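Letters A, B, C, D, E and F name the chains as they come in the text, with residue numbers starting at 1 for each one.
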Amino acid sequence: MKKIEAIIRPEKLEATKNALVAKGIVGLNVVHVTGRGVQKGIVHTGRTGERIEVDMLPKVKMELVVADAKVAVAVDTICQVSRTGNIGDGKIFIYPVEDAIRVRTGERGEAAL
Amino acid sequence: MKKIEAIIRPEKLEATKNALVAKGIVGLNVVHVTGRGVQKGIVHTGRTGERIEVDMLPKVKMELVVADAKVAVAVDTICQVSRTGNIGDGKIFIYPVEDAIRVRTGERGEAAL
Amino acid sequence: MKKIEAIIRPEKLEATKNALVAKGIVGLNVVHVTGRGVQKGIVHTGRTGERIEVDMLPKVKMELVVADAKVAVAVDTICQVSRTGNIGDGKIFIYPVEDAIRVRTGERGEAAL
Amino acid sequence: MNSGDTAWVLISSALVLLMTPALGFFYGGMVRRKNALSTIMQSFIIVALISVQWVLWGYSLAFGPDIGGLIGSLGWFGLKGVGAEPGPYAATIPHQAFMIFQAMFAIITPALITGAFAERIKFKSMLIFIVLWATLVYDPLAHWVWGNGGWLRNLGAMDFAGGTVVHISSGFAALAAALVLGPRVGRGKEPMEPHDITIVVLGAALLWFGWFGFNAGSALAADGLATAAFVTTNTAAAMAALTWMSLSWLLDGKPSVLGAATGAVVGLVAITPAAGFVTPMAAVIIGFIAPIASFLVIRLFKKWQRADDALDVWGCHGIGGTVGALATGIFATTLVNPAGANGLFYGNPAQLGIQALAVVVSWVFAFVVTFIILKVLDVTIGLKVDKEQEVQGLDLSQHGEPAYSAD
Amino acid sequence: MNSGDTAWVLISSALVLLMTPALGFFYGGMVRRKNALSTIMQSFIIVALISVQWVLWGYSLAFGPDIGGLIGSLGWFGLKGVGAEPGPYAATIPHQAFMIFQAMFAIITPALITGAFAERIKFKSMLIFIVLWATLVYDPLAHWVWGNGGWLRNLGAMDFAGGTVVHISSGFAALAAALVLGPRVGRGKEPMEPHDITIVVLGAALLWFGWFGFNAGSALAADGLATAAFVTTNTAAAMAALTWMSLSWLLDGKPSVLGAATGAVVGLVAITPAAGFVTPMAAVIIGFIAPIASFLVIRLFKKWQRADDALDVWGCHGIGGTVGALATGIFATTLVNPAGANGLFYGNPAQLGIQALAVVVSWVFAFVVTFIILKVLDVTIGLKVDKEQEVQGLDLSQHGEPAYSAD
Amino acid sequence: MNSGDTAWVLISSALVLLMTPALGFFYGGMVRRKNALSTIMQSFIIVALISVQWVLWGYSLAFGPDIGGLIGSLGWFGLKGVGAEPGPYAATIPHQAFMIFQAMFAIITPALITGAFAERIKFKSMLIFIVLWATLVYDPLAHWVWGNGGWLRNLGAMDFAGGTVVHISSGFAALAAALVLGPRVGRGKEPMEPHDITIVVLGAALLWFGWFGFNAGSALAADGLATAAFVTTNTAAAMAALTWMSLSWLLDGKPSVLGAATGAVVGLVAITPAAGFVTPMAAVIIGFIAPIASFLVIRLFKKWQRADDALDVWGCHGIGGTVGALATGIFATTLVNPAGANGLFYGNPAQLGIQALAVVVSWVFAFVVTFIILKVLDVTIGLKVDKEQEVQGLDLSQHGEPAYSAD
């Protein structure tokens, strides 16, 4: 089992989620975050015209734990769907998972997903 | 040390937190997330009666880093308290942790928890 | 590659972020969380003077994935800048990362950071 | 007919109309996020519901031709005969102007009760309850106190703008509701904090604004009496906001904003029956006493877990209205209002007795009839949502709409 | 000159002024978070824009000395000759009071259209459109229906407070706008939920409050007629809120809060042309029919993906205004307003014909001229933001300001 | 006694009352989330505080029997002799109506200053400051300009609704406050963005609405003069909103919503002293000049890090009020108000001199006395919360209540 964390553009969330379902990947969580990367921040405007540089941009983080066999397809799907080709498309990180438990039944491991 | 991520029903948060304290597990963080799983989404109603299917449900994610010895009791406690037996009770995931540092003192490892 | 999760005081975020940039560490995400630790909670006041004990305090969690070589400097910088010396300064946790992918280009590994 | 008086009563009616949605925000900010919209909706829909009830039969029952001092006849059903000419209640304005001004009072009174129901009542049951309550409690009580021929009016009970009819009746109905409904899930164990105190203040501010229509409009003319009521209203609200804030500061170390907003409302409640009968200095005193009474009662009452008067309607309106009605019997003076009577401090202790009688009658009548209506509804269609729905929150379970969405 | 009438028209003007920002909140709560501020801004800035347009040339075009029944002359440009003495439209109030009261109508009408643009129009293009629309659609239509010498007025068309001039014109302009602008990105595929229904209710409540000025103020005096309009206004709004809520309940199982708020507005729209001509019981009927018509039209129309009338302006104002204008021809009675005429039910079927003519003229005129203005703007400066800006949201892309910040 | 005039002054009083909580929202939206409630509270509690101060001694000091042109006596302490009959200031309304209308001005003036304190003042010190300031700055200045016998009034200074008394006094007090308190922690280094611009717009809209009472109510009658003031008020606000928005657009590429809202308020400020003396076209000019002046001053002043006038009170009210007071001396005409005087453009340059004198006197008096009061308080009880409390935010540190909760 691996945990996939994908930080993507908020406007791509809907499409990405749907594409994952199409590939049989349902379970996931979404958190709204603000992120900083190569992409330069955004400028807000004050009332007397002053520039307020905001270095953090709104992004969404999708977190999904999947069986090892599904990692590749999940990563590919996310990349494909949420890519715009412009800086700021985001990152995917993959982490090891030691165990998973379904709260409702106590099932463990991949059965819990 | 392990990191435990428990995605549970928001209404169970209070009780779960209290139960953990009773077992001596104090330190943790809580994030509000929206999650998707087997549980089918929720239907919101528009003003002309149209159904708006929302596939993401509000959940809370508890994150706690605990000494290896406490993993079992934490998992058991969370399962017990936040179980309702209905779909949507949530998941617990366990991850390896390489190190922990207490910002205040610089202490490392389990001493930092 | 490691993932660094630093839970710190919200009021230290701005300074910590800037200090990291100065050390060449740019990419990161920020999530608002509420946390519980040794630090005792906060007391809100009701209108008839009753005490409402809130055990969770607002904190921010910074998440950054960095090359192994940069872990030490990131941790040191965060500790230095966000330390006040009072209980509640927060924790840093370090996790293994198996892979990273840049959504825009498909680059993998440290090249994706 | 006087155009100045008509303008004043019409704008006052608009001001009082605004109070009920304002109440929705005052209450809505105090509940948890998951119940914000349903709480606001309770007030909003009551505006609609009672507006219709009132033009159909409510006005006729309350103010129509008297039947034995107890109730108006249905002679004015559907506003029959209620037209553009002055009616029996005000000589210088159209009868319909008086009718619509009174409509706004009939609307806000049941809306006040919803604070006791908050976060757990079935929407459908609430609608039915409100129509029954308006018809069986509000309309008769309004007739007794304000209707031509009403028995309390004939006894000489004074209630300038609704201390008994509006505040005691809703406050004691709230007490009955709290008892019948039982506590919210988790009450006393989980923190149930107001989810947005800024809109509580918004609501309180709009209530204060609208209350000028409520009290000064009750003069039914733009004259010295309206002005006097305007001044006492503002003074009592101000004094009460300061007093409640100071109490929370003294007893807990911090001046509560929610307390200041609540105090203002309690001051407005307490001055309501007295507004057109007392001096500004009496208003200072009433604005000082009422929040102390409410504060202490709520503080004690909170311990009584069984009765979960979620937003303290009984403490604010029941107690505040009682203080105001009695204070009217103490501070009233014909120097302010020659058409009124003197109170205790102006040499007429009997007035205090009459006021006390009206208070006790209102207590008992509102409590008992409300209790019966609610018990009947509870047994037949059920009052409370089931536990799961309550935990999910009423916004989603009753209306299928979250108040706020993430995007 | 009458001080009561003047007070009433001035306060009514203030009430109607408040309606436009209220509309901003009503609309602003219905859009997604990223467009909240820009939507509120559209209404707010229209208050500023048309206030200036009106005192410069708008008032003169609409109400100035008649030219052939079609338009006012520019003789009153810059309020020349519009002073403190009564003018030709109201004998008991200053001419400027009539002018400023009418200004508020000229402001809210184009603001209503913005609901059709929502979430995708360029701010600059919107400003230009609004000035053109006010000058080329609103001012002439107002002249036809309300101006001395206006041809529809001379035909005997009755529009108490703006069913044709305000609601049909904005509703059919909205239809044209929805067609010219095309749908929002993601429409029909992504959930586009209202981001904050509490401020939708706030907006609806303030609209209801302000509408008393709109309708009862249109009597231009504080008298029995103003009172009658006040009562029908409140009654229709109430009935319509209940009706819409019930429809959503019946058809979907849950009573919609957004529906109740929308229903109230539709009821207010429909009673607008009828307010000073019909009885309260007719208002109950109008308040029952209008939301049913709007509800069904919107439900059917939603399927037509090409026209994305984002916040249902056409369904609410175009249809609601039509129902109201026709209902005026059915329920009007000289018992309520001797200066009016009888409708179908009071023995005068011809009035319904005249009303129908005024309705169709307003439909066609508003739709066609709006369509042309928008097409011209689209070809020249462009109407819609580009896709990236739309996805980012108008708050940031047009104004550089997020509505809400995290800290 | 005239019922129309009385209705108008009473409703105007209610409108002005609403302005102070509205100001709380205007300011509250501009601060960071952690200070939202405390900022709103500052305005709300000042309503309560000054309402009581005014009926006790404030009104008597400001308007009571003159002592040497400098101050009113305490002869009207506790409203002694201020009753239902007309008083010396307005012949057609009850004396108490004039008193309560003026109360609302006395309330909002100190509340305006709180924008300079925002996000760092101790609540307790603020309460004490406000009572002292009302007594030592507002009451005397109001007496000089408006009181019978006041020396500036006797010199012929014209201030229709409070350019000097309200806006210059609060604006220059704000400047002193900014200097004495020093900057907020992190100022100039951290982004300090408004946490909710929607409620800034809500506040601005309610201020605009209430300002009709402020300015048109100052006619103290429902007549042509009130109407004229109503029209100039609306026109200047509108023009100023457009102007400020355009400035931000020109200089930064994007039209600021916060700018439009601020511009409207500055326009309202600037027209305040002129409202009942100038033509609508002069209002267009005033509405054009004032926001340019404020905008530029704020832009320059922002660089001066030492003085952190957090919400630009000095730039908006101090400068806007100054522009308005001087413009009155330029554009005033007896054609609009025969009881006034002509200004420079109508052949009376002397009036501009008198206005300039009143302006400078107000600047100096407000600045110096405020500075002294604040320095004394700073040395004795301390003005600023400590750094930790400031970083935590005033909502929690001063009131123990978060504005918004997560649940």
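Operating definition for what follows: a contact is a pair of C-beta atoms (placed from the backbone, for glycine too) under 8 Å apart; a residue touches a chain by one contact, two chains touch by 3 or more.
In this text the structure is predicted, and so the values were computed from the model without any measurement.
J.: Suppose you list every residue number at the chain D-chain E interface; are over half of them used by both chains (same) or under half (different)?
T.: different
J.: Approximately how many whole Å separate the CA-defined centres of chain A and chain F?
T.: From the centre of chain A to the centre of chain F is 50 Å.
J.: Let me have the rounded angstrom distance from the C-alpha centre of chain A over to the C-alpha centre of chain B, please.
T.: That gives a centre separation of 18 Å.
J.: Using CA atom averages as chain centres, what separation in Å is found between chain D and chain F?
T.: 34
J.: Please tell me the distance, in whole Å, between the geometric centres of chain A and chain D computed from their C-alpha atoms.
T.: Each chain reduced to its C-alpha mean, chain A and chain D end up 51 Å apart.
J.: Would you give the residues of chain B that are in contact with at least 2 other chains, written as numbers and ranges?
T.: Chain B, residues with two or more chain partners: 31, 34, 44-45, 95-96.
J.: List, in ascending order, every residue of chain F touching at least 2 other chains.
T.: Residue numbers touching two or more other chains: 2-5, 7-8, 11, 193, 222, 252-254, 256, 258, 399-402, 406-407.
J.: Just spell out which pairs of chains touch, all of them.
T.: Between chains, contact exists in these pairs: A-B, A-C, A-E, A-F, B-C, B-D, B-E, C-D, C-F, D-E, D-F, E-F.
J.: If you look only at chain E, which of its residues touch chain A in the complex?
T.: Listed in rising order, the residues of chain E that touch chain A are 186, 189-190, 391-392, 396, 399-402, 406.
J.: Which chain C residues qualify as touching chain D in the complex?
T.: Where chain C meets chain D, its residues are 44-54.
J.: Looking at the complex, which residues from chain A come into contact with chain C?
T.: 2, 6-8, 31, 33-38, 55-56, 59, 61, 75, 78-79, 82-96
J.: Help me check something: in the complex, which residues belonging to chain C touch chain F?
T.: Of all residues in chain C, those touching chain F are 11, 14, 34, 42-45.
J.: In the complex formed with chain A, which residues of chain F make contact?
T.: 191, 193, 244, 247-248, 251-254, 256, 258-259, 262, 295, 298-299, 302
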